[in-house]
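Below you will find the structure I want to go over with you.
Each chain carries a letter (A, B, C, D and E) given by its place in the written order, and its residues are counted from 1.
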Amino acid sequence: MFIARVTGSVVSSTKVSSMTGHKLMVVEPYRLEEKKRKSLVTTGRTFIAVDTLGAGENDYVLVVQGSSARLTPETKELPIDAMIIGIVDQVHIDKASVYARKDEK
Amino acid sequence: MFIARVTGSVVSSTKVSSMTGHKLMVVEPYRLEEKKRKSLVTTGRTFIAVDTLGAGENDYVLVVQGSSARLTPETKELPIDAMIIGIVDQVHIDKASVYARKDEK
Amino acid sequence: MFIARVTGSVVSSTKVSSMTGHKLMVVEPYRLEEKKRKSLVTTGRTFIAVDTLGAGENDYVLVVQGSSARLTPETKELPIDAMIIGIVDQVHIDKASVYARKDEK
Amino acid sequence: MFIARVTGSVVSSTKVSSMTGHKLMVVEPYRLEEKKRKSLVTTGRTFIAVDTLGAGENDYVLVVQGSSARLTPETKELPIDAMIIGIVDQVHIDKASVYARKDEK
Amino acid sequence: MFIARVTGSVVSSTKVSSMTGHKLMVVEPYRLEEKKRKSLVTTGRTFIAVDTLGAGENDYVLVVQGSSARLTPETKELPIDAMIIGIVDQVHIDKASVYARKDEK
């Protein structure tokens, strides 16, 4: 999995029928900033992931890729390859906090 | 999934028999432009995806990769790893529109 | 899938037994040249794909990756992750031809 | 699989229900340093992997990606794409040790 | 699949129980050298693959990735994503030999 920030959403009216009603979020994968190792920074990539947890913009989330995106009751028959499986509360690296959800509110 | 622009098509007459009759589109994955974050830009990559939705050139589409490309009635037995699952109407990032289909017409 | 040019072949005598008799081709993924967008150029990568269609050197082919490489009668039990599913006749991008098989003959 | 160093952990309280109780570790993939080929160095990437082996920070581990992350009794129904399948004791490359766990203690 | 050179091995005593007894080799993916196109060169990446064929250091091998690594009798229940499926004897590109196993002995 990777950590990503939710930054937007996609609207599609013409789509494969099984996709009707599923929320499509824009997520940007993040990685540890390499020099100081104190914060998360964007990788510059843009993915679209299905959300069933009510994630909102600016939430940091855990995204699963590939066939495992179909391993939940809501997604098991969907033609999807990325899904939000958790909203991140805290990330600790090198025994220090590099992200805490409360800090952002 | 990723957002891509449909830019062309592929013709192949000698192919695996199950692929007969399936439309093969050239799609170029797009990502958010990193500096201003106001538009989508090409990643410079070129993929081929199966289309069952009637997507046309210059349409922005959602592309699923991997085994999930086989999770629709039309594609379930096909040897494919990329499929168009939706035609994109709108993309919002940072609460602003970075793509709207009507703008292009 | 991606478009690739067949540039060679691999011989392996010590191999997993199910692989006996299968042709292994060297394929180099191609992408659209970014500046003029009029031709296909190599990505510089080198993959090995199973061929069941009789593709020859310099043929441009469609390659499927991942578990879908097993979705044909000849390959369904093979430990492979890449297969040639079509020989490309023509590629059109931006309404112009960027590759036509006859041009090369 | 790839070798990674465990550098942290992730806390997520709002998550897909099947993920409850599973440890999520931050892992950074390592590769051989290219010039001298005597040590392992970070690739600068950041992944999240499930741990069932009790791996701790600074442990070097083997990480499996994709659907195979579900091929253990503890993970077979989970929506995950990365799992720690071993804690690394030693890595030998070019007949020399490039990592030994005891060195680090 | 990709061509790789076997450059080392990994020892792991604490591991998922099904992995007991399986050989873990360090493999470095190779690609065609781009300028002269006469030899194979390393990509600089480092992967770990299961070996059931007795591959030794400096052997060039074919590596399969993903779920297909489980498509052999010895590996079908293993949590692995990379396996050596052949030891390479010869690679021909542009009708010339770019690798022959006997040359190296």
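One rule holds in what follows: a residue touches a chain if its C-beta (ideal position, glycine included) is under 8 Å from a C-beta of that chain, and two chains touch if they have at least 3 such contacts.
From a predicted model like this one, the values you see are computed outputs, not experimental measurements.
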- line: Shared touch partners for chain B + chain D come out as A
Field: Centre distance in Å when chain A and chain E are each reduced to the mean of their C-alpha atoms
entry: 33
Query: When the centre of a chain is set as the mean of its C-alpha atoms, what distance in Å lies between chain C and chain E?
result: 20
- request: Identify all positions of chain A at which a residue touches two or more other chains, and write them in rising order.
  value: 66-67, 69-70
Query: Beginning the circuit at chain D and going via chain E, which chains come one after another?
result: D, E, C, B, A
Statement: Within the complex, chain C is touched by chain B residues 7-16, 18-19, 24, 26, 28, 42, 44-49, 57, 66-67, 69-70, 77-82
Message: Looking at the complex, which residues from chain D come into contact with chain E?
response: 1-3, 30-32, 34, 40, 52-54, 62, 64-72, 75, 83, 85-95, 98
